[in-house]
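Each of the next two complexes has subunit A plus one other chain: subunit B in the first, subunit C in the second.
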Partner chain A sequence: MSDQGIKSKPTYSKIAGDKAARYQLLLVEGAGIPSEAMAEGGDPSAFETWTVAHASALPAAPMMDEAPGAVRPFRSTQHLLSALEERLDRETMGLRLYAIGTEPFLWDAFNIASAAGLSRQEMQFAHAGPKARRIYCVHCRTMMEGVTTSIVTCKGCGAALFVRDHFSKRLAAYMGVQVDAEAPGEVPQAEELYK
Partner chain B sequence: MTVQFKPTETFRDTFTYKKSAEDILRFPFPFPEDEYMYSVNIEPHVKGGPTAAFNAAFDIDEHYVAECRERERVLKEDPKRCQVLPHMLTAEWDALELIMESLAVDYPEHFSLSKAGDVWTWVNRPLGLHQTFTFGKVETLPYGPFEYITRQVQGDFTLQDQREDMLYVDGGMVTTQADWSFEFNIGMSFMEWHGPVPLANEKGVFERALKYLLRLQCGQPVRRLNWTMTINPRLDTSPENYPVWGPDRTTVTPENVGDKVHLRVELQTLFRLPRSNAILFGIRCYLTSVNDLVKVPKWRRRLHRVLRDLHPALAEYKGMPRYRQMVVDYLAPMDDGVPTTKGIAPETDRLDG
Partner chain C sequence: MTAAGTLSVRVREITELAPTLKRFSFEPAHGGEFPTAPAGGHVMLTLRDGGRVMKNAYSLVSAPAQRTRYEIIVRKVAQSRGGSAFLHAKVATGDVLDMAMPSCLFSLASTAKKHLLIGGGIGITPMLSFLGELKARGGRCEMHQLSSVDEAPVFDRLLAPFGDDAEIHIHTGGRAAFDLAGLLARQPLGTHVYVCGPHALMDAVTSTALALGWPAGKVHKESFGGATGGLPFKAVLKRSGLEVEVKENETLLDAIEAAGVAASCLCRGGACGQCATAVEEGEVDHRDDFLSAEEKAAGKLIMLCVSRARGPRLVLDL
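Showing the complex of A and B:
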């Protein structure tokens, strides 16, 4: 059951960097770079790095340099993503964007970068942190964050949703589809699968 | 013979959809052999084929007016069934041009197109439309060009952008689909949107089909048939409305199986578009009940054999486990075991029963 054999489920690699890059920006959904997310020989000191402190109190004068080796902290994931659009608008050809974090974070960053004109070949993604899923209810379009179970009740329409492996990068979400649509009430036991 | 439209027939609730004898015989029966497995069954989309459904670039039949009305209703309920990403505007005009020109050539009694430079006049007699507009000027049409024209054709359509040796589904009009969500899939690559299909991925079918389609030439469209089964003649079997139509699958009994269960065939066509280099993908849906199909001897023998021997993973993917055996049991006494000839043609011009 854990592998549904659906090929739209994204795969990830480690961050290796790109020698052909003019400039490299790394986004980390956490306070530090998890070592297991870096490929062997990958050197984060060559990147400008943005991190998430998950704390409201940032240093009074945080590092703001846009330069290799600079590390800029943000209060939250949303705080970081809200600055990314403006940052990428000022960029030119040759930028490489890397991201390390949970799936919703990676694909939210992907969508911001795509809108700014970056192609998938100019990005590298490493999956780190919880495996909890963002679920899109195909019936009522409600998004649910942090889903860890094989079946979840939709917060929008109340349907018992089966969590498919079918993934939409545009929505940065997996599809939830009513599990008992044919025979209402026949809802299997939910299993804890995505932690 | 001019087709008689049946504007009031319905594809939900009352299900008054019915097929004339001519309409049954023109059905694009999807099985050229007594067994079925996925393959890259793509052939040139040339006019003329084993049934009359292959006689036009975009097939119009007796359900035309009613299907356009059903589409209008689905769009009222869910406007996002039609969406086109902004970079596809050139492809929208390409599609409008191709469809208008094809319909006017194939069905001059129903449609006409006249051009005075960029000022075009389109007449659609069955729907009572008369529209003068400027080609390339969006504000001269009541909808975007793609939505405007696909509201006037049977079948779903998607627009595929081609970049980096991949196709992306970056636009569509999808109201008669076999259980796939356009809102979820828009923007996906060819490999992503086929991700859920079992067996075909493992067989490399999609890699080969993609390679073929990336080389599709303008003026040389191609087609293939796909199929599933649907309970009741319902066009909108979207995942969005699965809670509405899903319970139908529990209503099949040995007594009503012949009327309830429909073979749902998609005549899929692919056209390279001239200015945008995009691909227009037509997914034309045909529904025929088991009881109508058994009126053709070759089709009733073959349908029995295909369903009886269908790979369980395919039956599961197509949503058939609850009723497949009932259909097989219903058809078995009508299969006399006589060998069938290759190909899908009915090989008769009159119906049994």
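Showing the complex of A and C:
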């Protein structure tokens, strides 16, 4: 059950940095860099780092430098992602983008970066934090955040959805498919799998 | 990438653009239309000069959507293997030639936000095809052409039709005056660079881009031409039971074809890998862009079209 053998399930590595980069920007969905997300020898002081404080009280004089070693805290994930869009819009070639966080965060960042013209070759992702999934109901297109179980009831249409490993990069979500479509009412027990 | 089959083409028009540059316009010999050519694609012409058969690849310069004509621009070079000199001196309007179906090893990246084109001299040819395609598509584009002072007006005229849609610059001050690093450093995210011209220019673009942090996947180069000559050597074709003498100014592939053996080939420029042939004995002087460094070091394969022997003799599984 834990491995459904589906190839679109993303895999992640640690952040190693890229010596060829002209400039490196690291996004962290949290207040600090989790040490387990960095590859051995990876040096975050070479990156400009953006963090999420999840707080309205930011340092009185936040460091706003666009320079290696600068750490810039944001109030929220959404705050960071919207600043990313604006920043990438005026960036030039040679940038590498790294992100550490939950899967929805990583792939939201991926989609913003792709729209700005970065290729996967210019990004590195490390998965950290809860493994809860963003689920897309393939029947009614409702998105559900924070799903931790193998079966979930769709908030949009009420269908009992099987949480597949089938992942859409475009939607930054896993697919939920009605589990009792062929035998109505036969819904397996939900298991807590994605914590 | 590969296309089988041959087209029969008639020379419709020959235009002298400069003392060493001629544009040839071809139409289907039997009427109708040509297949839609890929942007950046090339064709291989079979040229018969008496008993000598030459096969030369040329980039198409006509816009891909142009199906009534295919056009190429050919430079007559002093050290020509013969094909270009033959086209300049002996091919006339109305002549019918065999042409292999267009194929493409140099294509536009569909996901690019911006296309940066750099041509050196006759390396303008695939760029003309790109510009035609980008004009039709509405893609963002910047073109830099390096040229001698003499030929600048010629390139200026060729590029003029695209001036409304692309930012076009012609540089006549030589490589030293061309600020390649500055140009590459100021490109927005999502730019792809395409270069065609002398090897030194293509190498400079590649190494400068990589040094500025460009990913390899966004640097594209057309790998035609380059050094074809070298010391003469003997190629033993084991399966055919033939021994072929390769002269100093001819390629291994040309020599094999002249001996009557049809080797599989496509780009004739060391780019496509179609002519990869197993080497049984002898050391190879690799000159292609297809094999990896490891494969070159292993010395088990040779690209017949551009590579040569490092010693007096090669034994090939052909």
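The criterion applied here is as follows: the second predicted complex is superposed on the first by the 195 of 195 C-alpha atoms of A that agree within 3 Å, B and C clash if a C-alpha of one lies under 4 Å from a C-alpha of the other, contacts with A are read in each partner's own complex, and residues count from 1 in each chain.
Methods note: contacts are C-beta pairs under 8 Å (C-beta built on N, C-alpha and C of every residue); 3 or more make two chains touch, one makes a residue touch a chain.
Keep in mind it's a predicted model, so treat the numbers as computed, not measured.
Of the two partner chains placed by the overlay, only subunit B lies in contact with A:Arg170; subunit C stays clear of it. Looking at the shared chain after the overlay, A:Gly41 reaches neither subunit B nor subunit C. By the touch criterion stated above, A:Pro59 is placed in contact with neither subunit B nor subunit C. Contact with subunit B, but none with subunit C, is seen for A:Lys7 once the two complexes are overlaid on the shared chain. In the superposed model, more residues of subunit A are touched by B than by the other of subunit B and subunit C. Of the two partner chains placed by superposition, only subunit B is touched by A:Tyr136; subunit C is not.
With both structures placed on the common chain, the touch criterion links A:Glu91 to subunit C but leaves subunit B unconnected. Once chain A of one complex is fitted onto chain A of the other, the partner contacts of A:Gly185 are absent, as it touches neither subunit B nor subunit C. Once chain A of one complex is fitted onto chain A of the other, the partner contacts of A:Tyr23 are limited to subunit C, with no touch recorded for subunit B.
Shared contact residues of subunit A with subunit B and subunit C: 119, 121.
Of all residues in subunit A, those touching subunit C in their complex are 18, 20-23, 88, 91-96, 116-119, 121-122. Only residues 164, 181, 183-188, 191-196, 198, 201, 239-243, 246-247, 249-250, 322 of subunit B touch subunit A when the two sit together in their complex. Those residues of subunit A that touch subunit B in the complex are listed here as 5-9, 119, 121, 136, 138-139, 141, 159, 164, 166-171, 175, 177-178, 181-184. Residue ranges on subunit C touching subunit A, taken from their complex, read 111-114, 184-191, 209-218.
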